[in-house]
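Next come two complexes, and both contain chain A; in the first it sits with chain B, in the second with chain C.
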Partner chain A sequence: MPFKQLLIEGLAMGACYGLFGLAVVIIYKTSEVVNFAAGTMAMFSTYVAFHVITLYGFPFWLAFLVSLFFAAVLGVFVEFFFIKPAKNPTLLGLIVITIGAQLLLGGLAGWKWTADQQAFSIPFSYKVIYEPIPGFHISQWAIAVFVIAFIIVTFLFLFFKFTKLGRAMRATQQNKHAAKIMGIKTDRVFAFSWAFSSVIGVTAAMLISARTILDPDFMMEPFLRAFAAAVLGGLMSIPGVLIGGGIMGLLENFFGYAFPSWKPITAFVVIVLVLCVRPSGLFAKHYVKKV
Partner chain B sequence: MDMKRDYYEDIELFKSGTILFWSILFVAALFVAPLFLSNYHLYLFNLVMVHVIVAVGLNILVGSTGQIALGHAGFFAIGAYGTVLLMTKLGLPFFPAIVIAAFISAFFGFILGLPALRLEGPYLAIATLAFGLAIMHIIGHTELFGGRQGLTAPVLNIGISQWGLNWVIKTELGKYYLILIFTIIMVLLAINILKTRAGRAFVAIRDSDIAAEVIGINLTMYKTLAFAVSSFFAGIAGGLFAFVLGFFDPFTFNLILSIIFLVMVVVGGLGSVMGSIAGATLITYLMYDLLKNVDEVPIVGNLLVAFSGKFLTTTGIDNFNLVALGLVMIGIIIFEPLGMFGAWIRIKKYWKTWPF
Partner chain C sequence: MNIKKMLTILFVPVFAMIFSIDLGYARDVGFDDEEIRVGQWGPQTGPAAPWGAVARGTKLLFDLINEEGGIHGRKINYFIRDDQYNPSQTMAAVRDLVDRRGVFAFVGGVGTAPGLAVQSFLRQNEIVWVGVCTGARAFQNNPWLWQIWPDYFDEGAILAIHAAENLKFKKIAYMYQNDDWGADARVGIEAVLKRNNIKLLAAIPVEPTERDLSSQIARLQATGADAVIGIMAPTQAAIALRTSVSVGFKTQWLHSYNLCDFPLMNHITEGLWAREGVMTAAFTDNIDADTPIMNRYREAAKRLAPKERWGLFYTAGIAAAEPLVWALQAAGKDLSKEKVRDALNSITKRQGIGPVITWTKDSHLPPRQLRIWKCGPKGETIVVQDWKTITLESGK
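Our next item is the complex of A and B:
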């Protein structure tokens, strides 16, 4: 019976997509920038972890912390040097900038680490399989994904609801100028949201690379799926992107099992069909534009 | 500066005798240029002209109508595969084949234009991107389209072999003139489209689609028309591209190619046909010639090789063109959002009003 297997695998992959989609959503929520570079930024930070592990022999958890720190710096760097200097950019302008950052970072990674495929292992292997209930197999990797996703989402929920910075971020999203008048340093909020998104992105990227491989392009497909999941959820809502990610992972796994060669595009076809019916995703409120 | 006094001035093809003179001189120069060019440079010119056609078409959609398109490599692929398959499988002559392929491409553009009616911003970006990827995968998985192995273009016979009229083009030189004539026709077509009722409707939709609807522009018709026209251009260009390359596989038409097309339009200047031509020329030269073998460029190449040997890897130096393209994309939006056309306007204004 592959059904339960597909279900669990799909949900785990979906949780990865959902987590990664969160990285996209956090930036979109605060600054209305669609970050096409998210995948490559996460890939780059994962390579940093790989680099310190293989070359300097760091233990995994230390490398993980180094990589999180690097990701945060990278996020702030991209925001400060690429996004902020643009004067009143249009939506297309922002998309071009982030795609440019994606090509730049992807090119640098390929230059530094070449296009060779590497194996990146985390302490949670997908080959170690438990059977908690008879006939119900779950890998160590899947458990790790669920636990980490749960921790991050809970943290985010509490963060946005109760901390001062979280409230500042929500205020900035609702009205940047009003937030400024209220004494919120919106520049810092933007920098922080980029760092935050980058850190969540690299966590998801490590989980994904442990399941697949590590090369300069490995985040391309997961990023597109995660982005599609975020669009499905409406680009604005955190529960939405998780549900979107889940739908994405399940669809991909079940269709991929039935029609293996069409696996890469089933997800997109579904997205386009959903968007035709609900143009702003499943969970977003559709605001009427003022003229 | 650019004051229009009557309606005719708004629609005339050449604004002044000076522009007409220089345009004719430029075209004449292109016709005699092959006398001084090697075969490799002819190939490069062919590639540039094919990209000019795509960029001019994409400009109608992105620059004039203001829609985001990240999947134009898909239409390009439809043009290339359509032309080659119509010629080899159905035995159609070249000219009907390329026109039919372009119309098929335009039909797909129309189909993609339908969801675009309701989508905007990032949602439209993901939908077009998905379309481009879907086309690539469908071609790669279908036996008819040659699968992953790709297709080889047939002999370029622009006569009609069924009637015994054979005119086979074998050399790069012959292809150069064929593509040049196509390019001139398509560019004139694009300029003229932008001066018609439809062209003005596109610009109105870009500036505000709600206002455009209020003044009586049929959004359904003109948005899908913009997509169809733009993909028609990409289809024609794809058909020519098939013969420039001679051999192609699905991965030729990947996401990077779509991005390169978009960059051409943005670098050239959104909404300007001349800008698109300049942008396509510049980006094609950078991506397919100068930076392709960056380690062979004098002085800079050696420096880069030494630098990458010390800090990075020398095998990965091919990635330099991606790095450069990324920097160009970021730089153009930060420093000159209107692209080369914007820079040209600024220089012109500066000299016209000098010394004030």
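Our next item is the complex of A and C:
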């Protein structure tokens, strides 16, 4: 068994899942909504980068910034026009709204960019490979994934721990009404969390599409993996999600190596097992049902 | 309840029923003095979207026929339905075309699973179906279906013959879509390898929705395979090649004829298809072929479908529809389903831009001739094995 190769590839894809899982968790942390449109939103914003690169000849980094800005606006847009107008919504109602947003954005992307597969390149190529140990290869793409994941998680840790806005987001999650009484503008916090989540989502989506392919469905499967990673790590725990992503990537890679036919169900088995055995996930402290 | 209310309650559903049924279409048997209605499903969106060009290629042929006055004075009214490569949607699309549009015949139809979902329905309704876009064996022995896409057994066999007998590779592995397509081709591959005393090193399945193929590639890499035969959709083939390059796995990839659109595959693999010299099976003319018939279609495409890319999947749609056109022409002005059936059963050694076709009353099987193409360094098509007839006993 090529242990080292499976380890590094599993961790790299796992880091992508973990990063994308963060996009899911950030919204869940503030509003307890599982955003099923997260994958499609990330896909849409990746297409924006692709669009400005191919049509207007933007250099990658400028297109990246445009895409981040668009993602933030899209996050606020979805929150403002889809989530906010819901009158006394139940949790299930909100989830259904996100599924509706997913269908709408997916349809729009198919109409605008067609369903044709496209190649999306980032400056860190999977074609450039290094061989630090004989027989063991690591691509520039995998190194970039690790570095970017590390930077984002460190930033999030510092953001939630030390910034006013980060603390406001945590307070809103813990008790929306108390946060309001304390002067926190919870509406803005919700809008910001959607924008923030969307920006992290598109970063992960770009890394995934650079290794796979770009089409309107390319984030469907990674979203499921990322969701499984988030459930595994704990939907309330930021480091937990990233670790969950790593475990998910490793599990899928090693299990897929040993039993290729069963690989596609790994994520579902993980979700079911975690929900049955430890519903709060591996790293969230405990599951509290709000009343 | 007063009379007015009662009448409203009674008449609203009746009117709704009347206006929801397209009486003009549902009444007859798929044609009238003005038109012949033909349908096709295909993935215009979803994971297999590049194959959606097949249905649009068929449209080009019918538009060309209509431009020239139709067939015996009748225009072809052609309907395309997007099933997203999803069998449940294929069924809905076919029911719509049969029940509401009253189509006379179907052409093509991409995919094994979508085709299987509707095969018994079309057979029961005795609807002419020409050139289903799959070589799965589950479609054989259908008296209303005439096949053009080579049997996947033959496809697996030609790829294995080229790898084992022409290129003399001894270490061969297989990566396949986990359905009838992959299973049928595997039988052909193993039959060829057996006669060469070669054992298949590994057979690794992949699902059409999978996007991370790291573990599958690691497994293939661990076998040390010199050649990997791949039977999978374009997306998975592209990801498999990208992944193998990213982990330094050098091997000769030989893929299905469904992936022989080199410009497309080269585009979505960022040039790797050409750099790695990927080979595929093929059963049509090269799209750049300088033959009168190909030139005629190419010119028609420039005129009638200027926005379409002139690619292999697009021309495959033409190849799928050609025999139906021949049969409609041979059936004469006094058209009937039976006459078209008999005309299709009488096609003998006839070739358009696809393979040479011979069908009889007892055999609607696809041709057994295939060739092997290689993607050259500039993305061009290099014929490395010209038409070869598979004579291997397929065990049918």
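Observations on the model:
Methods note: the second predicted complex is superposed on the first by the 278 of 291 C-alpha atoms of A that agree within 3 Å, B and C clash if a C-alpha of one lies under 4 Å from a C-alpha of the other, contacts with A are read in each partner's own complex, and residues count from 1 in each chain.
Everything below uses one rule, namely that a residue touches a chain if its C-beta (ideal position, glycine included) is under 8 Å from a C-beta of that chain, and two chains touch if they have at least 3 such contacts.
For clarity, every value in this text was computed on a predicted model and none was experimentally measured.
Of the two partner chains placed by superposition, A:172 touches none, neither chain B nor chain C.
Contact with neither chain B nor chain C is seen for A:31 once the two complexes are overlaid on the shared chain. Applying the stated contact rule after C-alpha superposition, one finds that A:95 touches chain B and leaves chain C untouched.
Looking at the shared chain after the overlay, A:217 reaches chain C, while chain B stays out of its contact range.
Look at A:9: by the touch rule set out above, it reaches chain C but stays clear of chain B. With both structures placed on the common chain, the touch criterion links A:126 to chain C but leaves chain B unconnected. By the touch criterion defined above, A:110 reaches both chain B and chain C. Within the superposed three-chain model, A:261 lies in touch with chain B and with chain C [touch as defined at top].
Residue overlap on chain A between the chain B contacts of one complex and the chain C contacts of the other covers 110, 114-115, 220, 261, 264.
By the touch rule above, chain A contacts chain C in their complex via residues 1-2, 5-6, 9-10, 13, 110, 114-119, 121, 126-127, 129, 131, 137, 139, 141-142, 208, 211-213, 215-218, 220-222, 225, 252-257, 260-261, 263-264. On chain B, the positions that touch chain A within their shared complex are 62, 68, 70, 114-115, 118-123, 125-127, 129-131, 133-134, 137-138, 141, 208, 210-211, 255-256, 259, 262-263, 266, 270, 308, 311-313, 315-330, 332-334, 337. The residues of chain C lying in touch with chain A in their complex are 43-47, 49-50, 52, 178, 204-207, 209-212, 214-216, 218-219, 221-222, 234-235, 238-239, 242-243, 245-248, 267-270, 272. Across the interface of their complex, chain B is touched by residues 28, 34, 82, 85-87, 89-97, 99-108, 110-115, 220, 224, 227-228, 231, 235, 261-262, 264-265, 268-269, 271-272, 275-276, 279-281, 289, 291 of chain A.
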